[in-house]
């Protein structure tokens, strides 16, 4: 199972990073979201995997490590706040700069015309 | 016996989820994909309930309830998006 | 203490003109002159002791850690220089009173001058290397201000900057030299350094130290090849030139040579570097001076030449040469200051400094002409004047050295040649200006200056004559004391007599006078020859050089910083690959020895779905709505994974956050293009793919390595203490609200701030509302579906109840304030979606930022409440109460804290979404053709 | 048809009952504490959310409503069985259709219930209710409204319309007295 | 008693599982969007009901009562029609093609066009 | 009184919240005064905290009464409190400047400013690595919001880059934290230091990987080459008071580097001791070079100052890399000096820009400033300080840092780079100054004069420069003390982990 989970985390990271390397704000946001999934899973796995061990006292014998879970919760919330900000910033950038390229300008002037919604 | 039944149902749900994914990937239209996603949400409720059964723990009920609620909201939101563009107007 | 006052008085004096500026000019000048006059008196108060060969010292600790203390030493050398600085300084103050025009800011000038005077005094009085450097740099800065006094003139600005750059660079080299010396000797105290000559000279660093040190001296003293800044500093008002280039600024380098003479001189390297530089400077300065048409330009090159002469003297390494050097310092200061002032008078009263225009001024200003002629004669080394004496000593010393072995005769010959040119340019100064026909094209008729403007020149010229006539009587003791301070051993015998009989030096002087006259008479040919040589404009080429350098820098910088986020990201990720990945290559095996859990079919299905959905997101990222649906699947699968691996709280949170995120992304998508044009070239895609997959491999490997390792952590403590110490059975929640409640406080603060930031981003946003979707389909006309509205209204109370339930059970079972808050928020968002902003606003007109603030305040207050019980911030409290009928109830401070979380989450989420939604309602122009 | 509730503090009695039950369901307990809180919340929450509710006709015949619910449940089960057969059966036997049902109901809640019921029961899905009230200019009378439904396998259009009107719409009119 | 409940659990789970699966098969198999919609909205809802009932019985097996699954059922019953409604509205708006043998296609027209006759809202 | 250590975090938070609520929220004047007064109070409080630390030595405070390593603790040693003092001092100046009108150019200026201060102070004071992450995020999100204050294309553009890069940085931070937690089993910095020493050989490389990952994060915050690209545009486009406050943000990265690589990966870390130095020194030196080049290359004054920030970061990071007590002391002094002066220069740049009409702060000829003497004096003071020329604090900082390089190998590289970069700075600043003040074109229409509050703010920040020289003796002493305390890891660990812990966590 660990191998599978590690593969998933690695793959999610790679996908997230690839998307974050795109030149438009929307894929960057997607990539960021995906990267946070990967990171959250990563933090979570740093407490090792446990089946049937929710850290609620009295429900099982062997509890999963609760601390990484708490850290992930914090990370999720912070990640949400950050993503939200980035999303709105992207809108603002589109409004202010007239395009959705992360550098605020299109790499090629001709593209401006081609790019229709 | 119950264990075997649960595993069987697990298998059914898994197949159902894969079918949903297939429709989601296949499309062809956006409403098709949204429908597939909505179904997937509901099917995962089943999956989680089954997990609860498997582990004999009622701790997962809220997750199921939340999926039901949030799945609905997100489906509605996507539909609204396709209809009006602006989902909060 | 008096020493300190000698330094402080001029410093305070720099404030005097600022405060006396409103008085009349003379009063202001007088007031300004008072502090240096006092300082001079204080200096003279020590004269007896110093001239008797003693010294005065002042010490005050300042920064012991750096070895930088306030140490002042007044010995013969310092006395000599301080005397020149203060004495000539006072004359300059008087002179400037008349020189400056009414529109020039006199207080500013005097303030800068005083500052400069302080800096110079600081150099000569310093007994600590670092302190000396401090004043050294101060002279560069204050001279920058003085040279650029007429800042509206481009050449003044440029000249000042050039001077600053060159002397500043030298200053940095000097600092390096001082620091090396200090580390070598173990102290920055001057006396200790001077006493450690052997240690320094035998150390491997000596050459480096010497080169750096000399760089400092030579730049300041305008030695070849750093001489070019000095002529360009002539853009300064003449009093400045008279001060800086006779007695002070440029002499600082010479002073330093003299100061460190005991510690650094006496080696082959010293000789080679110093004497050759001096000789070269002497010759080049003397030669070039002749061709300058600008009076001050001529004087500038002559200054360079004389500084070269002094440097050469110090380079020769004999004690007598050093004495001669000191003597020439005094003489040069007097005649050069007077010459500059005379030039200033001429400029002032005739409106020009161009010798091609200036002719026959003798008829207009005979007194000034006489004074200038005497001073120029002293410069030329005419007998009975002070310049003659030191020049004789110089000639004599060139004869007595054997430094170049069999070629040693070259030095006296070249010295004579320099003397020849020196005579020639001095003659030009006299003849070309005061005689040589009538003035040409002057804007005003020249006349004698105001009476008191001439006084400083008269004083100095008198000194030239007096010293020339009675050298031993007037400055014998001073020179003796100064020499004693410079020379490590006994001061050798020397004679200050006017007449030494017929000897070689006299012959050299005569040769120089005759040769100089001949050259001046036949100057036409020489000028013609000189005109064929390319003209080097130091100022412009320097300026151009700096400009070009700046452009190069600009190119380099832009090449590095291309403004492309993708590049920055790639660099960041490459750092990650390098730093996080390299250690992994040293790992023998990733597997840490822990047995893996078995894989079952359901998990495999989940993982497959996750991977496929992630992949599909990437593949379809340009079809944005589809990508959004795909990433929802990823999120869903991650939540299910959390459920599977015993983390129900995480699953709940992840689910609720994801829905809100998706809604947010959709709101964003409304304003962003629905599709991304294909743009990335395949090479970039390959690059990005390889970077991404490398990062992925590293992260995956790390994760695998972690998961398969045995593990001990502090978590057992939490499991043990959750119920007894925190009063809850849901350990994760107890960690959140109690063990690590501070993190949670920070986290909700982040959320609150984010919502404020978003609100900020959305104010006055110039947005256009697209009129159709990505495929050009116009939007549906019906805003709100009847069915959805009705049902969402009925769902609200249900959702509120569910969130209350989730809120309260959180402490003991999965749930808690955060999730409850999101559920409430989502329910309210559903109202927004189903019924619109106006509908909701009519029913709930709350400013959400206030809700955020209240939520955070509740959390904060809960934490601070524990102070009342003298417990640390956020200390939790809980107890069980037996109530009639209802039974046992638990009350905990954590509930209040969680309430804060809940309120903040509701407020923030709604603030974010509602302000985004509201944006479109305030009727914006519908934009047909969106870019 | 009434809009105004009997008690100010209990504006939506049936909703309160529902909430009371939901709380108990959530807590899976009928201990005193939970009963107490259920009661409190059942009163407080409707009051809190009252403003978020457009006025709707009240249920006048609760027993009839109960019967309606039971009938719908039964229909759901049969509907599902039918649909299952249709789905698994050969595709070519299916006769899909779009059908318009004229609506007698006027108010939002009854219409919603009807449309939902139609969606949950035999082979039909509510697609659209038109014309939309939003698009009728203020002051103009509401024209005849229609319910557009999609039928998976239609045998007889008239019969279908009649059955919907009689089986579901009529009881709803009764329940809400409209 | 125990045995009886176990059988009930097994029955409901299997029933539920089958309906869920059938719903998804419908989603996959039907030829057009409108027909695909029927499976998930109905079969899945009932399937969920089955599984939730199974779960209720299962947890009753271990002592206490488990009735909160009812909530999910209620919730789904309320929301599923609305989701379906929104989806089909979207499909109509996107003018998705129904298979050719669909009858009453002209009935869609008034639902869409009547609205277009009206003057658009600001 | 023993709760004083929480004040630097909680007081700004409380202030921010109060400003967001009525009755303060309604009136701009109230918002300003509350913000300014609160900052002044905070300054007094942190200075008394510094005195407390001077008296008692290291102070640690267990939040929630859960002792380390289980709970989160705040740790006040001379270094951290000194930096908190610096922040408070700086913040007061920046807030005063902002209160002259800049604050009304967008919403929530004061609350965001206070939140930012909260984040910065929290990052300095926390003794827990994950909590450090949280405070990083607090200060980052506040900085994102402040960056876009008053709007404008440049800000938006800079913000996109700044935000995305920092989000990547946060992701890396989290991964690093997870790796460290997954191997060391703890989050407390002191506890980590203790655990690192006992690490099984098998886990060594994992911890190294995590440790070096942290370096990326901190280097990104500090803006060290090649992770510095976000800085120039960000700092140059932010509103003046914001840019001034940002001057301390890079220092947080430096602080974190200093803290983590002396405490966790310090002398006691065995094989992992000093893992960062090999990477940091070249990076720091390269940053110095880049900063110097940037100073020469800059076309406008704010960009120039931003590059000066880079230069100071490079210097600091090189000092951190030297990893000696002396270099740490130099770094501490230099931090204080460079932060205040660059902040002041950002404000001065704004004043100049607002008085030069269309030319703004671009280095081209333009209208004459309305207050040439005042601004010229301020500029001169700031320029001398930042260039490291006497008689202001810059030269003390420079002397200290040059003297801190005792290893002959690195001496030549560092000295020549530092000295050469100083020269470039002198050239660059003299060019900039003479252009801004002396190259005048067009009519002499008087621009708007600076508000008294703005002048006060600049003077307040500049005041530090002479004071840091006059009291250089005690102040260098203090830096030295802070460095000694920082390097005395053993006793810090003992105080934090092994004093007065009662079984069960609660005291």
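Should a chain be cited, it is by its letter among A, B, C, D, E and F, assigned in written order, with residues numbered from 1 in that chain.
In this section, a residue touches a chain if its C-beta (ideal position, glycine included) is under 8 Å from a C-beta of that chain, and two chains touch if they have at least 3 such contacts.
Predicted, not measured: the structure shown is a model, and the values here were computed from it.
Enquirer: Note the shortest touch-path length, in steps, from subunit E to subunit F.
Expert: Tracing touching chains, the least step count from subunit E to subunit F comes to 2.
Enquirer: Which chain has its C-alpha centroid at the greatest distance from the C-alpha centroid of subunit C?
Expert: Result for the farthest chain: D.
Enquirer: When you take the mean of every protein CA atom shown, which chain's own CA mean is nearest to it?
Expert: F
Enquirer: Which chain pair shares more contacting C-beta pairs: B-E, or C-E?
Expert: Top pair by contacting C-beta pairs is B-E.
Enquirer: Farthest chain from subunit F, going by the mean of C-alpha atoms per chain?
Expert: D
Enquirer: Indicate the whole-number Å distance between the mean C-alpha point of subunit A and the mean C-alpha point of subunit F.
Expert: 28
Enquirer: How many angstrom lie between the centres of subunit A and subunit E, each centre taken as the mean Cα position?
Expert: The answer is 31 Å.
Enquirer: Taking each chain's centre as the mean of its CA atoms, how far is subunit B from subunit F in angstrom?
Expert: So the centroids are 48 Å from each other.
Enquirer: How big is the gap, in whole Å, between where the Cα atoms of subunit D centre and where those of subunit E centre?
Expert: 15
Enquirer: Residues touching two or more other chains, restricted to subunit A: which are they?
Expert: If we look for residues of subunit A contacting two or more partner chains, we find 20, 25, 42, 45-48, 51-52, 54, 56, 67, 74, 78-79, 81-82, 85, 89-90, 92, 96, 102-103.
Enquirer: For subunit F, jot down the residues that touch at least 2 other chains.
Expert: 130, 134, 137, 141, 144-145, 148, 151, 160-161, 164, 168, 175, 178-179, 181-182, 187
Enquirer: Tell me, which residues of subunit E touch at least two other chains?
Expert: In subunit E, the residues touching two or more other chains are 23, 25, 37, 45, 66, 68, 71, 75, 78-82, 85-86, 88-89, 93-94, 115, 118, 121.
Enquirer: Which chains touch which?
Expert: Chain-chain contacts present: A-B, A-C, A-F, B-C, B-E, C-D, C-E, C-F, D-E.
Enquirer: In the complex formed with subunit A, which residues of subunit F make contact?
Expert: 130, 134, 137, 141, 144-145, 148, 151-153, 156-157, 159-161, 163-164, 167-168, 170-171, 174-175, 177-179, 181-182, 187
Enquirer: Taking the complex as given, what residues does subunit A use to touch subunit B?
Expert: 51-52, 54, 56, 59-60
Enquirer: Please output the residues of subunit C touching subunit E within their complex, sorted ascending.
Expert: Per the stated touch rule, the residues are 777, 780-783, 785, 787-788, 791, 794-795, 798, 923.
Enquirer: Which of the residues in subunit C end up touching subunit A in this complex?
Expert: It is residues 563-566, 569-570, 573, 594, 596-599, 603-604, 607, 610-611, 614-615, 617-618, 621-622, 624, 627-628, 631, 634-635, 638, 641-642, 644-650, 653-654, 657, 660-661, 664-665, 667-669, 671-677, 679-680, 688-689, 691-693, 695-697, 699-704, 706-708, 711, 713-715, 718-719, 722-723, 729-732, 735-736, 739-740, 743-744, 747-748, 750-751, 753-755, 757-758, 761-762, 765-768, 770, 772-774, 812-814, 818, 908, 912, 916, 930-931 of subunit C that touch subunit A.
Enquirer: Taking the complex as given, what residues does subunit A use to touch subunit C?
Expert: 1-27, 29-30, 33-34, 37-38, 40-42, 44-58, 63-67, 69-70, 72-74, 76-85, 87-92, 94-96, 98-100, 102-103, 107, 111-112, 114-117
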